[in-house]
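Common to both upcoming complexes is chain A, partnered first by chain B, then by chain C.
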Partner chain A sequence: MKNRGATILAIIGAALLILPLVVHDTFVLRVLTEGVMWIGLAIAFDVIAGYTGYLNFGHGAFFGIGAYTIGILMMQAHLPFWAALPAGGVAAGIVALIAGIPTLRLKGAYFAIATWALSRAIQQLALNMEMTGGPDGMRLEAFLNPQFFYYLMLITVGATFAILWYLLERAPFGLKLKAIREDEEGAKALGLNPTKLKMQSFILSALPTGILGGIYAYWITFIDPSSTLGDLVSDQAVVMVVFGGMGTLFGPALGAILIFAFKTIFWAYLSDFQLLYLIILGALIAISVIFIPNGLWGTLVKRKAGATRPEQKAEPASEPAALSAVAAPEEGN
Partner chain B sequence: MAEPILKVNSVTKCFGGLTAVDDVSFSVEKGEIVGLIGPNGAGKTTLFNVISGYYAPTKGNVIFQGNDISGKPPYDLAGVGIGRTFQVVKPFAGLTVLENVTIASFLKHPKKADAERHAWQVLETTGLADRANVSAAGLTLAGRKRLEISKALALEPSFLLLDEVVAGLNPTEADRTVELIMKLKAQGLTILIVEHIMRVIMNISDRLVVLNFGKKIAEGTPSEVSSDPHVVQAYFGEEAA
Partner chain C sequence: MMELLPQALTDGILLGGIYITIAIAFSLTYGVMHVIDFAVGEWIMFGAFTGYYLNKWTGLDPFLFLPVIFVLYFGVGYVIQPVIHRVLSGTKGNPFLMGLVFTFGLAIMFRGLALTAFGFYSNSIPSAFSEGSFNLEPLGLTVTIPTVRLVGLAYALGITLILHYLLKKTNFGLGVRALAQHKDAAGLMGVNSKRTGSYVYGIYVGISAMTGVLLGCILSIGAQMGNEYTIFAFFVVVLAGMGYLAGVPWAALLLGLVQSIFMIYFNPSHTLLAVFAILYIILLISPRGLFGKGV
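And now, the complex of A and B:
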């Protein structure tokens, strides 16, 4: 099972690497680049939303902050792209740290509302500041090399996936975040500091998102408050992750691919109906929550039997009373 | 006599106008099982919450192994050796039993493989190993109570607070849990236990502390306490006294 998964991943990775050598159509490459970007945005969003249980409705703000940081550093401080890019991630991380202090104390819907409101406030800032170009946005120096951006996006998202996979699925960190998600008070008794873990998770979610925003800005060469700081980035991330399967990495990746493919086809044929697209997104969230609460991935891939019991020392056959712990009708709480 | 492992000094805890724990003092010696009893609402769980760092005392302090721990957060107290269970159980419902216990094992075993191995050992001790891979939400009440104990034990604590881990179990399950508690005592663990079932608490406790309306009304060996008129009155009302 493990080996098969690794093989499939290796094949997908190799195919994605070779693709630009085969596909020369700029439009197709552009769609693929954006698709890969959405996988990155979705898995980064899932760190705080799925693993930690804090639904961040302002995820798009990290993306926009990364985009503007790169834009400002390149166009006003005249830094080269490679020097500006890490700053995009760092800026998003710092904003997560500052925004997290008040908001991560809130639970459930209150956190969602607060983060949404904060992201709206950041959009207003970008609309009204001179440095950002206000509503007119900002044009970056153009570097027209679709292959470059495809590979840069692919490598960034690949690295993000690998790092998150290690931290969340291999290292203790992921389980600790899940403990916070399941029961914050109970987690404290086990030596976990929820404030610290939530903050780490929020920053870990923001960093790659800021970097992706930076790559996006240089790639698209034009950013404005509605394209990078609008609701759409957050909304799509939410739908991709909820639809794909929260608290896993493959779920959001799958959700990102499907939703983005749908969006691309939809907008290509029905470009006049952006409102309809938003309505469909909203309906999709509702349908996922009601009918597939574990998302597509959680529904399709049932969790495997899990860890195997280590060799037992010679002990008398398990006592019958052990059976009393077996699942049976609820006895109340 | 050696320094007690735990000293509760004139602890008071108020919720607004309500004094849930009222000037309570007692201590627990190393290796002892002390039973904390009292009618519903007497303040037992509140006192547990003060000792384990969930509440800071309004007045007084708590000394653990010679250090004032009052007001320190629960996650720091877990680190110094205080393990606790919750009367209203707190399983990580979306995770497996093994994952639940592994999370607690991280405290002393920072590597995941080591923590998992340790969690298995704990589950063998508590009799939940057969259920290791089921979701914690799928356990019965008995299973969840045992999971509470497993998580607290996985911290490898020196001092264990057990809040009604026997209540609600059938007699066979109850006996098994009592057996486990005695085994832990034999291993040198110090235990403060809240329990309503008199048969259990009288048998396993070396000493008892009795609370009523937040106040300590008696302290002593089980036989001393059960013949104490204040205790009889608290449990059976005016006429019986």
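And now, the complex of A and C:
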């Protein structure tokens, strides 16, 4: 089983590596690049959300911070891209540290609120600052080489995946995080320092997100507060991870692929109905939570979690009533 | 600029009074269900739009609709709560996380629905009270008090008193307080956590929707207003201390003051940043709220 998994992974990796040699269509390459980026964003989000059990509803803030850091360093400090790129990750990590100090000592509800509010506040900041160009956004010098960005994205996400795989699935660090998720008091009693570990996992989640944001900024060459700091980035990360399966690395990756494929098709054919996409995202979160709380990966592949459920009391009456109620406010108006 | 200060303080207190209602109901829901409802701003927004359209169709004053809106949204909340309850009492995955994610998903969906139905425009609800205002001249300073804000404050005080009575003097309130203290023990003592939860959630949704109408009369309404009020509700609840109801009025008044001071003296679009800065400092220094009595 393990070997088969490794073989499949190697085949997928090799296929992704040689793909640009076969496919010359810029549009396809562009879609693939963004898809790979979303896999990276989803697995980075899952470090703090799935493994540690602390929901970060402002994941997009780190993406935007990375993008803006690189934009500012390249356009205003005239640094080369390679010098600016690590700074994007470091900036995101520092913001995670600052935001984590007061909130990670507390219960998860505070953290979820605070990160969400933080992402809104950072968006306001970007809208009001001169350095960021305000609502007009910021233009970076164009470097038009789709292959370069595809490989850069692929290598960054691949490296992130490998590092996270080692840290979370092979090293004791992952077990420690899971211990905090399952029982924080118990973890403390075993001699772990939950606040420090949560901090580490939050920074570990923010760092790659900031770097991906930086690559995105240089690739797209135009960033503004709504595209990089808007709620869509955070919302999509939540959908991908919840739908794909929290607390694993493959679940979020699967979720990212499926949701991103859906988004691409939706955008291509139904671009006039962008608000419908928002509704579908929200509905998908709610439906996943009710029907597949372990996500696709947890439900289809890792079935062992279901065995612990003692008795399942079905409530057939409440569901249709509730679903019609969800639609009711719209009709009520 | 100093002559504007009494006006700013008055506006702030009048506005803060209204936030009390939202924050008490929000805090109550958290106490009973132990989950934060991310859709709080969206309920306010839906209520505001319901008031707006009812006013447009019937031409009657929006204040007359408040009971109708309460009953309507009480019903909506009452039927939605069992789903949240089901998510929270599930054994698969992490129920607490799932509850948070669920309300987050609801909030996204509601925002999408509202933007589809109402567009991106911003409006305000006309009311007979909207135009009137009167001046007070304490200590030689002129302070203008818009009637609509005063009525709003009276409404807020009324709701707060009713909730206080419900919580402290009735059996239902006793059950709610017991659930907030210890869910399992309350269940053993015969409190029906499911039904009580549905009532509390219904009351909370109803109050939020009603308050939305008031905020629509005083400030403005728009499909994207929900975000701001969700942050405000969090701000008040965190400042008061999560689940500590007695701290809510003071935190709400403080929020009103911050908002009105930023509106008059600074850039109004920096209000959110100020709110976040205060939130950060409070969480850093006294994570259990201004009074240190939260959970």
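One rule holds in what follows: the second predicted complex is superposed on the first by the 299 of 333 C-alpha atoms of A that agree within 3 Å, B and C clash if a C-alpha of one lies under 4 Å from a C-alpha of the other, contacts with A are read in each partner's own complex, and residues count from 1 in each chain.
Please note the rule applied: a contact is a pair of C-beta atoms (placed from the backbone, for glycine too) under 8 Å apart; a residue touches a chain by one contact, two chains touch by 3 or more.
From a predicted model like this one, the values you see are computed outputs, not experimental measurements.
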item: Touching partner for A:8 - first (chain B), second (chain C), both, neither; value: neither
item: First, second, both or neither for A:163, with chain B first and chain C second; value: neither
item: Touched partner set for A:293, first chain B, second chain C, both or neither; value: second
item: Chain B versus chain C as contact partner of A:189, first or second or both or neither; value: first
item: Chain B versus chain C as contact partner of A:117, first or second or both or neither; value: second
item: Chain B versus chain C as contact partner of A:83, first or second or both or neither; value: neither
item: Chain B or chain C, by number of chain A residues touched; value: C
item: Which of chain B and chain C A:28 touches, first, second, both or neither; value: neither
item: First (chain B), second (chain C), both or neither touched by A:181; value: both
item: Chain B versus chain C as contact partner of A:281, first or second or both or neither; value: second
item: Interface residues of chain A shared between complexes with chain B and chain C; value: 181, 305-306, 309-310, 315, 318-319, 321-322, 324-326, 328, 330, 332-333
item: Touching residues on chain A, where the partner in the complex is chain B; value: 170-172, 175-176, 178-179, 181-183, 185-193, 247, 305-307, 309-310, 312, 315, 318-319, 321-328, 330-333
item: For the chain C and chain A complex, residues of the former touching the latter; value: 30, 35-36, 38, 46, 49-50, 53, 72, 76, 79-80, 82-83, 86-87, 90-94, 96-98, 100-102, 104-113, 115-118, 227, 231, 234-235, 238, 242, 267, 269-270, 272-273, 275-276, 279-280, 283-284, 287, 295
item: Touch list for chain A against partner chain C, complex; value: 49, 53, 55, 57, 101-103, 105-110, 112-114, 116-118, 120-121, 124-125, 127-128, 181, 231, 235, 238-239, 242, 246, 275-286, 288-290, 293-294, 298, 305-306, 308-310, 315, 318-319, 321-322, 324-326, 328-330, 332-333
item: Interfacial residue positions of chain B with respect to chain A in the complex; value: 52-54, 73-75, 78-79, 83-84, 86, 88-96, 98-99, 102-104, 106-107, 110-112, 115-117, 120, 124, 127-134, 138-143, 146, 151-152, 154-155, 168-170, 172-173, 175-176
